[in-house]
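Shared between the two complexes below is chain A, which pairs with chain B and chain C, respectively.
Our next item is the complex of A and B:
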């Protein structure tokens, strides 16, 4: 009886080993964690994948670039794993940069996004960006900057709304969602390597079910972000004779439907700080100028978007409750071109 | 009283274990709009069956359902309960394989499925062998730990929620009630367990109702979380929508860079308790059906968990597992309808015979 209880305790203690879940463990210094993956298409058949891997060696370069070509992305990721000295873990990838040529092809891009989302190894929260440059050149540009460290490129996108209101951060799962969504399109940031900075922000590409329909510049992208987050804090506008910064904002959107003609009335109220002004410019002048400028920018964008049948502001989301579900997939084609938006701006100077 | 509470907790934990992975997926297939109507009508139907079942059981105050079937006749018991045992074995196998696969993909990506399967099955079998007392006691901890984790996962997912994605809010028609998938839904419930617990501590209707409400709220949460984040158009493309919804959350400041692990951990807790109870039910049925000498339930539990393991390991891929687990849930749904009704009808007949006899 006594022996029996000892045996039990020993068995229980041995089974504790199982709790660690270590099947075949690899120490952390023997692993490679690529932080950025660049994907491009060389020609019709061939993909090229580049990894930007930080290294921990002292004195040497802080990161390195590894590239490989192949017929599809998943097999290249597998080959890279074989060829790199240590084990490669893709779970920590924070940014995926897609080359312009690949991104412009609707089929290829949709397939790629689906793969990135379904892959067990790649996290679906990784950010996504498009570049017009050669990816290897871009990575070497990052390495060439003496101030850069491996995480600089991630810091670039995670500045937060207050500091860089023009940059949109778009994740893989959001792009995946937009492949299927009936009522909302998405903006992917476009970046190139900068002369003095690591990256240069060029604006955003608007994706409609996986197809890039238009490109917008950073100040236009502010509006897209404004309608996405309902928040315009930090936007700086140059009005010619004054410049201002938005300190607080609120956006109200009210949809209504008149015999299959959708109408949106949206009220934007801004609290602004005047950063500088020329002599003799009154508050009223600034107010009316700003209101005019915002309105003009917005309507210009809306016109362009309606011509392209791309719902960049996501107005369709507000009509989901008013259009039956089976009609909803016609939103972009039938309803959206007729959409009337009544955009009002109220400016308060603090 | 505490035992009653514990039985309630087991009941809730089992229902959660049944539905956590697959339930949302089925709901999204059944309807495109107004998902809560489907969940609620499922709840009502289950409630109705539960009342029938309870009424039937109340006719036999000191007996569990195996005794009742034996009273109907040995062959009747065999015809109803042996297929049920096989169904339970398939359920154990399929749900464990599915969970092993998911747990593996969340935090044990280099570990083969069979080793995770062994671990899960080993703990479940061990708990089942230890008997109802152990199950009831462990239910207390598992319930609180798992519910805390689920709550955390739900709350932390709120950052990505856009309520407009779940619109239109109401269903266009009620024809989902006639769909085959709606019948499959019935398999995600644990009402049959109530017939196996010791007859002295039968639950009251009020308590049952409260527990079922809790389960329905849980189901609403698992269905609506992915819906709020992705919207109906996207959500139908996922195998396990709840997992993908949780995966989309990025909390930068958090110590764990992936909060899906909490989802995985809650799945471990749920699946272990659920399968322990199923194996225990198998043991009970076999022990009472066969009056052999040296007939210990623990042998049977081990044998059936071995069968389940072999079955689970030999399924080749995820598409198969999904199909098979849906089938086993379908068969379970059949039993969930048929067993309460037979018990109830037999109860009415037996009772009438008895009163008739007394009147003479």
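Our next item is the complex of A and C:
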């Protein structure tokens, strides 16, 4: 009886190994991890998907590009998996670059975003970016740079807020959320391949319900990020006769509703460091000039955005609990054009 | 009288080292009986002659030499076996004499298997009386109790049990005492003793923690535990063996508290690293590479480039080889050991990597594991931790990270389920029965 039970345990253990499916596990060196997926549209029907796959060869090229054409993205990803030698795991994809032509088409873009979000293979935390160039050319430009390494394009986007306050990092799930949001629009970074650097940051495209409404330049985008993160550390501003860097900042937003007219009072306090100044320029002059410049930039952008009915600063988010839900879908059309913003800037020189 | 001598002679007929020497004292024949392998006969004889000169009669000589006079045959035989010198006289008197014996046990030495930093260097030896003496000397209290048992079928072996009265729980003392009394077979190894204490056949964790160092044994006594001594065994056996013995030694407390906590935390880390590291390597390279940061994944992928073995085979090979080396070094004579280690190290470290049989990273992982494993206290503890890493490794190769944690959980459950005499292995301290004397 006792021997019998040992035999049973042994049989159970052996079947554990056989049944678990561990014989067809792919080792790490037999897997391919595409880091970037580029998606473009060649003509009306045909999509083209390019994968940027790091290789582990010593010396030689650090990564390679694989492209495939087809009628929809999911089938192309499947075909790529068939054609590439090793197993392809899309789980590590960090960046999805969408070509301009495809991004400008509202329906195609929303369809693509929905697919990217719902696909179980692709991580929904991957960053998204738009380019105006040919994607294959862009990838080959990255490969051609002798200083680039396998993950340099990821490092480009993950510099951290204090080092590159202009770059917005937008994830797929954020774009997906903005497709259905009544009160918030989202900025997607636009990049092109650079001459001396792997990428060149061009600004951001503002997406409203899946449609690109306007493009803003990098210095405008840092305002958008300021309102998103409530933090403006690292911004360098040229004031003509001096230049400063923001070392610490805080932003307070207080929404209030006066008979269907939304009012936002926002206080931005900045601690700045003076990097350089011309002779005879006093601290007071710098302070007042900076305050004026920030206010002007902000109100210019707000005017433009209100005309486009695009809530790039996401002010609508603050009124979600003050407007009845069935009215919320009218935010952009009825409430937002009437929005008054009282923007105050306080500058402290350290 | 001759009859008794003949009888003893016939009992020891098969012993070539047995002697019966006839001496004459005041016209009376005296027989000196014993083993010359255990007794320094020349010196003992000289001593008896000197005593004889000072004594007036045979009777007086016998009383001068010994206080064990006129015993029966059975006791005489036992005394001979114990290495005593037996004197028989013609007129039916006998005496058991403690002779000048040959030196058969070593003196107090330094510990061989446990290294001590900043602490007393005395270690236990084979002689049980010396061991007990050391404890008595260092723990001079009347509350230290000692009870001795003779155990065994073929040979009687002495087992002494020590405890501090008023500290060790009475239930524990009584239970150990009862268990020792129940033993009928011979005790040769610690494992025999473990079996009698109720250890399961496949349980890798001993119920007794053996230590060579007297202060360690004394510290255990003070912490309400029982210490056993076996004659001809150069260690104190602390009962029950607790998990914390793996992480702490009394010598840690020669350092400031912060440092001693650091040392203990490092030992815990070492035990954990031994269990986890090889399994983690297998899980991350074969089952779950997607949990890695991409830079790390590419680095690992690069280090495994071109290696034909699968991670589990590769890891098992290395881990088994390393365990073999440890075992071999223990067995090898001290003069050959370092050479073999060096050659083995070079071949395993350099040549296997160059030949692309195992990856660089695995060599680092295995070395780290091996070194980490050596940080725990006690050879038997490090051995069982080394054994427990195998099931975790197998589980990790099948289920990846999930398997690793399942394995670790099972190890925790197993360790937590162990008890000896109703005291859990994972107990931090044993409750005394209060400080009453």
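Keep this in mind: the second predicted complex is superposed on the first by the 338 of 350 C-alpha atoms of A that agree within 3 Å, B and C clash if a C-alpha of one lies under 4 Å from a C-alpha of the other, contacts with A are read in each partner's own complex, and residues count from 1 in each chain.
What we mean here is this: contacts are C-beta pairs under 8 Å (C-beta built on N, C-alpha and C of every residue); 3 or more make two chains touch, one makes a residue touch a chain.
All of these numbers come straight from a predicted model, not from anything done at the bench.
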Inset, instruction - Examine A:182 and indicate which partner it touches, taking first as chain B and second as chain C; both and neither are also allowed. - result: first
Across chain A, the partner (chain B or chain C) reaching more residues is B
* Touching partner for A:33 - first (chain B), second (chain C), both, neither -> second
Q. Touching A:293 in the superposition: chain B (first), chain C (second), both, neither?
A. neither
By the touch definition at the top of the document, which applies to A:120: first (chain B), second (chain C), both, or neither? first
In the overlaid three-chain picture, which partner chain does A:241 touch, first (chain B) or second (chain C), both, or neither?
neither
With both complexes overlaid on chain A, does A:158 touch chain B (first), chain C (second), both or neither?
first
Which holds for A:54: it touches chain B only (first), chain C only (second), both, or neither?
second
According to the stated criteria, A:72 is in contact with first (chain B), second (chain C), both, or neither; which is it? neither
Chain B and chain C footprints on chain A meet at residues 91-92
In the complex, the residues of chain A that touch chain B are 18, 21, 23-24, 91-92, 120-121, 123-125, 158, 171, 173, 176-177, 179-182, 317-318, 320-321, 323-326, 328
The residues of chain C that touch chain A in their complex are 284-287, 289-290, 294-295, 297-298, 300-302, 304-307, 310-311, 394, 397-399
Touching chain C in the complex, chain A uses residues 16-17, 20, 22, 25-29, 31, 33, 35, 54, 56-58, 89, 91-92, 94, 150-151, 154
Counting only contacts in the complex, chain B reaches chain A at residues 32-33, 105, 107-112, 115, 119, 162, 164-165, 167-169, 172, 230-234, 237, 244, 247-250, 252, 257-258
